[in-house]
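Paired with chain B in one complex and with chain C in the other, chain A is shared by the two complexes that follow.
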Partner chain A sequence: MARTEPKKDVVIVGLGWTGSIMGIEMAKQGLEVLALERGADRYTVPDFRYPDVIDELKYGVRFGFMQKPRNSTVTIRRTLQETALPYRQLGSFLPGDGVGGAGIHWNGHNWRAMENEFILRSYVEDNFGADIIPEDMTIQDWGVTYAELEPHFDRFEYMLGLSGQAGNVNGQIIEGGNPFEAPRSRDFPLPPLKQTYDATLFADAARAMGYHPFPRPAANASGVWTNEYGMQLGPCNYCGFCERYGCLNYSKASPQTCILDALRRMPNFSYRTNSEVLRVDLAEDRQTATGVTYWDEEAQEEVFQPADIVMLCAYSLHNVHLMLLSGIGEPYNPATGEGVTGKNYAYQMNGGTTLFFKDKLFNPFIGAGANGMSMDDFAINQIDFAAEGFIGGSYITAGVTNGQPIRGIGLPSGTASWGEEWKTAITEWYGHSMSIGSHGSNMAYRDCYLDLDPTYTDRHGRPLMRMTFNWKPNDIRMTQFMRSKIEPIAESMNPDTWQSSYKGEGAQYDVRPYQTTHNVGGAIMGDDPNTSVVNRYLQAWGQHNLFSLGAAAFPQNIQYNPTGVVGALAYWAADAITRDYLPNPRPLV
Partner chain B sequence: MPLPDWKTTRRGFLGGGAGAAALTAMAVPLHAQSPEPEPLENYAPEYFTAEEWQFVMSATALLIPSGPTPGAIEARVPVFIDLQLASGFGSADDWYMAGPHIADADPLLGWQSPLTPAEIYREGIAAVNAWCEQTHEAPFADLLPQTQQEVMTALSEDEVPLPPELRGLFDLLLQNTKEGFFADPKYGGNHRMAGWTHIGFPGARASFLEWVDKHNVPYPLGPVAISGERG
Partner chain C sequence: MITFLRILTGLVLLGLVVLAAILFMPVRTTPALAALPEDYTPPEGSGEYAMRLADCSACHTAEGGVPFAGGRKIESPLGTIYSTNITPDEDTGIGSYSLDEFRAALYDGIRQDGAHLYPAMPYANYRKMSEADVRALYAFFMDEVEPVSNAGPETALPFPFNQRWGIRTWKWAALSEPGELSSTGDAAYDRGAYLVEAPGHCGACHTPRNLVMGEAGYTAMDGDFLMGGEIDGWTAPPLRGPDSAIRNWSAEDLKLYLASGRNNHAGVNGEMQLVVRDSLQYFTNEDLDAVVAYLRALGDPAAGDNAPPVDPPRTADRLDPSAGGTQAVLTAAEPGMALGPRLYLDNCNACHFVDGRGADQVFPELDGNPLVTAPSATGLIDTILNGAEVPSTTVRPYSLRMPDFGHRLSDEEVAELATFLRSAWSNSADAVTTADVTARRETAEERAAAE
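Right after this comes the complex of A and B.
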């Protein structure tokens, strides 16, 4: 028996980055806003306070701030023929849990995508011809352009207090920044972070080869900052416990440090924790959402929460899961290519080269989350796809962010993993290795998608979502190309030894080692209801009062960490809703 | 097996001479204030049986051997593993454990055993000991060091026949051993921050603003634990 709560103007599913942004932007309009968060509440104090949070076992290894697979997970298979099996323990990706979501445990790498990434299919067709697109590659345009998003990137970055160096302000190229980036309307809010030794060595080597290294755009404050909501950040102390941890120092931009304390003071905003949304409820004609049904963990009962507007702000995978469970959009069918919900799941193609120096000491335990130097000389807008034989690109980067020993100590390949040899090697090499990484795009494919699993169910009896995903030759060629560019840089640095790790021909997706929590697609945006789930304002094509935020909207993955685009899209959608939808609720396209 | 009491030796050296009391008070690190825990021989495991405890003592001593610097035994890694298995980690509290289980699936699809980590240790140790009895006529803990080394190598190379639901035993044991060497001492291992000292990791200091751009310069301070204990 479901209890019914009084109706709200807006109900938000999930209180991470996008839920917090939509929460405060809608509350500022005077609407009654309720956020439902399935995890626990979290505050800097006590949840992230020193010294308790400096606990590698609890948070870095046992994933104290992450979702528990027991409560929520997916099944995974590599091919349409394989039987999907549950992702029983966390490995490849780490969805966040609780208030703040993944926004508390990211490293703070906050990028804008390239202009051509938002119009990728058109860009490829116009510049290289449609025939270079492999038959099974299902890349699309986003339905929104960089120029339209620029003010929203800017707003998000100033809300975060981003540290960095602009390379292109209104078309003027600025020395020391990224000369290949899309034009910004102004410089970063804060100057770049200090650089660690490894990043400096990499940048010197890259510069000597004619490349253009620049500081990584970091959502770790390099100085004091007060944002538009009156929230204050203090300078990062390079504690070496950023990714997988909440920030003890009020330095990493997160919903907690940038939005939530301001939002909690607004009388027309409220939130309930331990409240897992089970489905979106639709009107009989299915043309609108009527609210959501959630599980009240404390009362142990289902609750119907009516609302005029429903905003899905959960992690990308969970937005798609909720849509599949609620019958929103036609489920994608890989056999016919028809249907949209679950289509174009994509990930991130990364690789790296590790360098070992006997006579250099890197003090790897010193690091912010996003200190480091990068170069975009082989970015997606710098590559001749026809000549190189792949579609995509990467940024190349170095910058140690932690030296936590359980998570791994880099050792020359062939070193024993235990016993006397290992024990000697870890003293010899701890602090004496560094890496140069390639962080690259991942295209969308006909048989990489999300649907409901036929066998496994969650604790509420709902089918788990099934992920079908594997690495494809196009993206493997891309990462091998990056290898061919990185290895000469590494060699020029004269390490005692070095080794590479890039996906090679025939590579299969391995769910065990951590790769990245950049899961995108499945509820993609676009300009055609036959090929996308939401329109350019993240509004569901079929239900105009339902919006789906976050990286599920990406039609394929960009070459960058997704949060910058997720934030810009949130402000873009909030702006359209405020200006155009609230005065006259209807399909905006 | 007599354990090298490196800490006592050091203190004996420092405190050896008459009039050295003041020096001792200065030189002995803060941890001297916390009493030494129960010696491992007297430790009463929370999870392991006596036979399993002997196995874990012998196995971890091979994985991180003792020597001039502490190994798994001095770092009390077996205690760490015992306490972990008695906790939510041992019972896979956070993991999705519903069936059906396809234990012999492609390893790239991750953990598919129906067994929890605690159960893997229980059944896995019994299976390895049975194999040792069969091939060497003694359980693992009673084998000669050279034979133990051979068995551990065989286990690491999947050459000890184990049913698919136990195939994760070696990786689990090695992972937990390294965790016990490097986790904060509050979990029972990394005793006196031996693991951190071994590699030069400063533990929970977590504040390095003044050292970020001191490139290629050794960091001067030793480790500190969450409890405030210093190494």
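Right after this comes the complex of A and C.
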């Protein structure tokens, strides 16, 4: 028998980046706001305290801050014909757990997408013709433009205290920044991080070839910063423990460093941890949500939490899972192409070349999560899709983003992974390798999607969500194109040896090696209820008091790390809700 | 030192017992300092604000307890004193106090039943509060605070301190004139003087104690006033005079420290955290400016409010001058370096950096930090052992915490590290011994066991 809690104005599912932003923005409106977080509470001290948190085995290898598959996972298959199996051991992607969510263990790569990425289908059709779009590619426009999001990118970046160098301020190209970026209204809040040796070598080589390297935008503070909520960041000390770790130094932007203590002071905001939301409850006519039902781990019982507004702020995959379980939107059917919920799941197409230098020492123990130099000369707005035979693009980059001694050592391919030979190789090569990577877009396809698994259930008896995903020729051509651009740069740097790793023809999705935790789509935004789950304000088409935040809204993946767009969309939605929805609750479109 | 004071105080009190017996006569309480109409109603919000100014909640609320319901342990040189319930509960609180009885407690330390209050209750300072604030406080506690029934633990000090009648003789020796404040005629200074000398009761910690354990001064007119004191073994730093660190702070830094517990130099620590958390962050902008104007005039009367801070007196870096000083030693990080700087590199450097300057408002400066160079190293030792936390405040909501290092450093190592800090950069303070550290660790353990 479920207990029922007193009604709230707003209930938020998940207290990571978007949950924290929506929490504070709604609480500022005087609403009674409750956030439900399935994991534990986390504070910089004691949870990320020095030196306990820089334990590579505990957090880097054994995933101390990640969700445990036994509590929450998906099943995965590559084709419609395969039988999906549970993702029992974390590998390809790492959903975060606890207060702060993935916002505690990210690297701090924070980008704006390009103008054409928000109108991708129109851009392709207008510039290259609809016939270059492969038959099974289901890319869409977002329903929102870069120009509309610009003030919200700006706000998010100033909230984070982003370090970097503008390349385009109101149309004026700034030397040293990214000349291909969309115009921003002002410079970064903080100057760029100091660059490591590998980044400097890469940038010199790229510049010599006529390219335009610039410092990677970093949510690792290069100096002290106080944001709009009065929250504070201290300067990064380049300890090299960002990705998979909470920051011990108050330097990496996270819900903890940027929002939570300000939010905790607000008497009309509260949150409950160890409270996993099981479903969204709908009114009988299914036109509105009435609240959520969650599992109270402490009381070991189901709880119904009524609310006037429900905001799904969990990890992208969980937002989609909750929608599928709650009957929100029609489930997507790959056979007919009809239905929307679960449609257009997409990932990220990355590749890289590793260079080995006997005579160069890179001091790999010095690094920051988003340290490095990047170039956008082969970005999605720089490529002639018709001529090159693919739709997409990448940024190309180098820098020491982690200083972890076990996982951070690059070895020439063919080296034994254990024993005497491995030890000899480690001694020889530690500190002598660097990488140049490409981080690229991934298009949406008719048979890459999310639905409920017919066989497997979770510990609450709910069907697991099933992911159907595989690499496609278009994206493999894109990454091979990047290879053809990166390898000449690498060769120009005269390494003793080098090796490349890019997806090749016929590559199949392998869930074992870590690739990226940029899982997007499934609850996509758009301007047509027949092809999207939420409208341009992230409001469910079918239930006007239900909003779905986060990267599940991406109709296909951008070429960049998603957090910048996730943050901008959160402020965009918060603004629309505050100005337009709260005074008159209704469908905003 | 404490034992010596106990004996001394005991002797003085015993001597005065005879006098007290002779002078047995009814206690006379201080009348209102101003005549306000019988039907005077304090302005809306003034009661709560007066409570913030006087910081009633810091002492009268137990850790994690209901506000004003008492029960907080206060470690005094005389022994442990428990704060009382000041909610308007008729039986266990102050619900049956008349205005005159309430004023007598504030001004004269007299309980409703006539018993004398221990001077942990700062009536020596409160007796300078205006009648308007007394009325506001009375109205607040009677009408705005919910009554809570909480008898709480009784204070039971050892003989002779459990003889409350003795406090009467102490009061004759220790208290100053009610309502007496320093004044220059400058509106900001005078308001600041009122806030600091009266409700703020800053002197209770920051003024040294005299032979009878009274504050050695109560207003800026007294030379020893705010010249530094001690609380729970920690140095309460001087707020005036040549050794005062804050005289090197700008007005802006001083104001930010009061409002948020952090500035470009320091982070609030020890008992002062409670003052920022429960009192100072609620001061109006004007009142903060007044306190700043007053303190800066005290620190350096020539400075005035807007003058730049005095140039910090930097003595020569005395750590290994042949190697180029502290920063050079830390930067070189030679494997054979001494234990103190090595421990600093391994434990402190990530935030406080090789120059000991930390980062503005986030990581406190250790070079010239009054906690580091205080006459008593207790505060520094406690901070290394147990960590520290600046409170969440309106202007700076982040409760920044420094982790504890007691679980990974031995007493010898803490002593080495503390000694290094007290002699690094331009710091020049006495060494810390292993025994000093052991004593503080034991004190912390005893207290934890007693909880």
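Everything that follows uses one rule, which is that the second predicted complex is superposed on the first by the 586 of 589 C-alpha atoms of A that agree within 3 Å, B and C clash if a C-alpha of one lies under 4 Å from a C-alpha of the other, contacts with A are read in each partner's own complex, and residues count from 1 in each chain.
Here, a contact is a pair of C-beta atoms (placed from the backbone, for glycine too) under 8 Å apart; a residue touches a chain by one contact, two chains touch by 3 or more.
Bear in mind that the values here come from a model prediction, so they are computed numbers and not experimental data.
Peer 1: May I ask you to decide whether A:L248 touches chain B, chain C, both, or neither, giving the answer as first, second, both or neither?
Peer 2: Once the two structures are laid over each other on A, A:L248 reaches both partners.
Peer 1: For A:S492, using the defined touch cut-off, is the partner it touches chain B, chain C, both, or neither? Pick first, second, both or neither.
Peer 2: After superposition on chain A, A:S492 lies in contact with neither partner.
Peer 1: Using the superposition described at the top, determine whether chain B or chain C touches more residues of chain A.
Peer 2: Partner with more touched residues of chain A: B.
Peer 1: One more residue to check, A:S484. First (chain B), second (chain C), both or neither?
Peer 2: In the superposed model, A:S484 contacts neither chain B nor chain C.
Peer 1: Touching A:D261 in the superposition: chain B (first), chain C (second), both, neither?
Peer 2: second
Peer 1: Where does A:F365 make contact in the superposed view: on chain B (first), on chain C (second), on both, or on neither?
Peer 2: Touch partner of A:F365: chain B, not chain C.
Peer 1: Which holds for A:T145: it touches chain B only (first), chain C only (second), both, or neither?
Peer 2: A:T145 sits against neither chain B nor chain C.
Peer 1: When the two structures are overlaid on chain A, which partner does A:Y50 contact: first (chain B), second (chain C), both, or neither?
Peer 2: A:Y50 contacts both chain B and chain C.
Peer 1: Regarding the shared-chain residue A:P235, is it in contact with chain B (first), chain C (second), both, or neither?
Peer 2: After superposition on chain A, A:P235 lies in contact with both partners, chain B and chain C.
Peer 1: When the two structures are overlaid on chain A, which partner does A:R88 contact: first (chain B), second (chain C), both, or neither?
Peer 2: Touch status of A:R88: first partner only.
Peer 1: On chain A, what residues does chain B touch that chain C touches as well?
Peer 2: Overlap of chain B and chain C footprints on chain A: residues 50-51, 235, 237, 239, 248.
Peer 1: Please give the residue numbers of chain A that touch chain C in the complex, ascending.
Peer 2: So the residues of chain A touching chain C come out as 43-46, 49-51, 223-224, 226, 229-235, 237, 239, 248-250, 257, 261-262, 264-265.
Peer 1: Within the complex, which stretch of chain C touches chain A?
Peer 2: 347, 349-351, 353, 359-363, 387, 389, 392, 394-403, 408
Peer 1: Given the complex with chain A, which residues does chain B contribute to the contact?
Peer 2: Those residues of chain B that touch chain A are 62-65, 67, 69, 71, 89, 92-98, 100, 102, 105, 107-112, 149, 152, 156, 174, 177-179, 182-184, 187, 195-196, 198-209, 211-219, 226, 228.
Peer 1: In their shared complex, at which residues does chain A touch chain B?
Peer 2: Residues 50-52, 54-57, 61-63, 68-70, 73, 76-78, 83, 85-89, 91, 194-197, 200, 235-241, 248, 360-361, 363, 365-366, 371, 403-406, 409, 417-420, 422-423, 426-427, 430-431, 455-457, 508-512.
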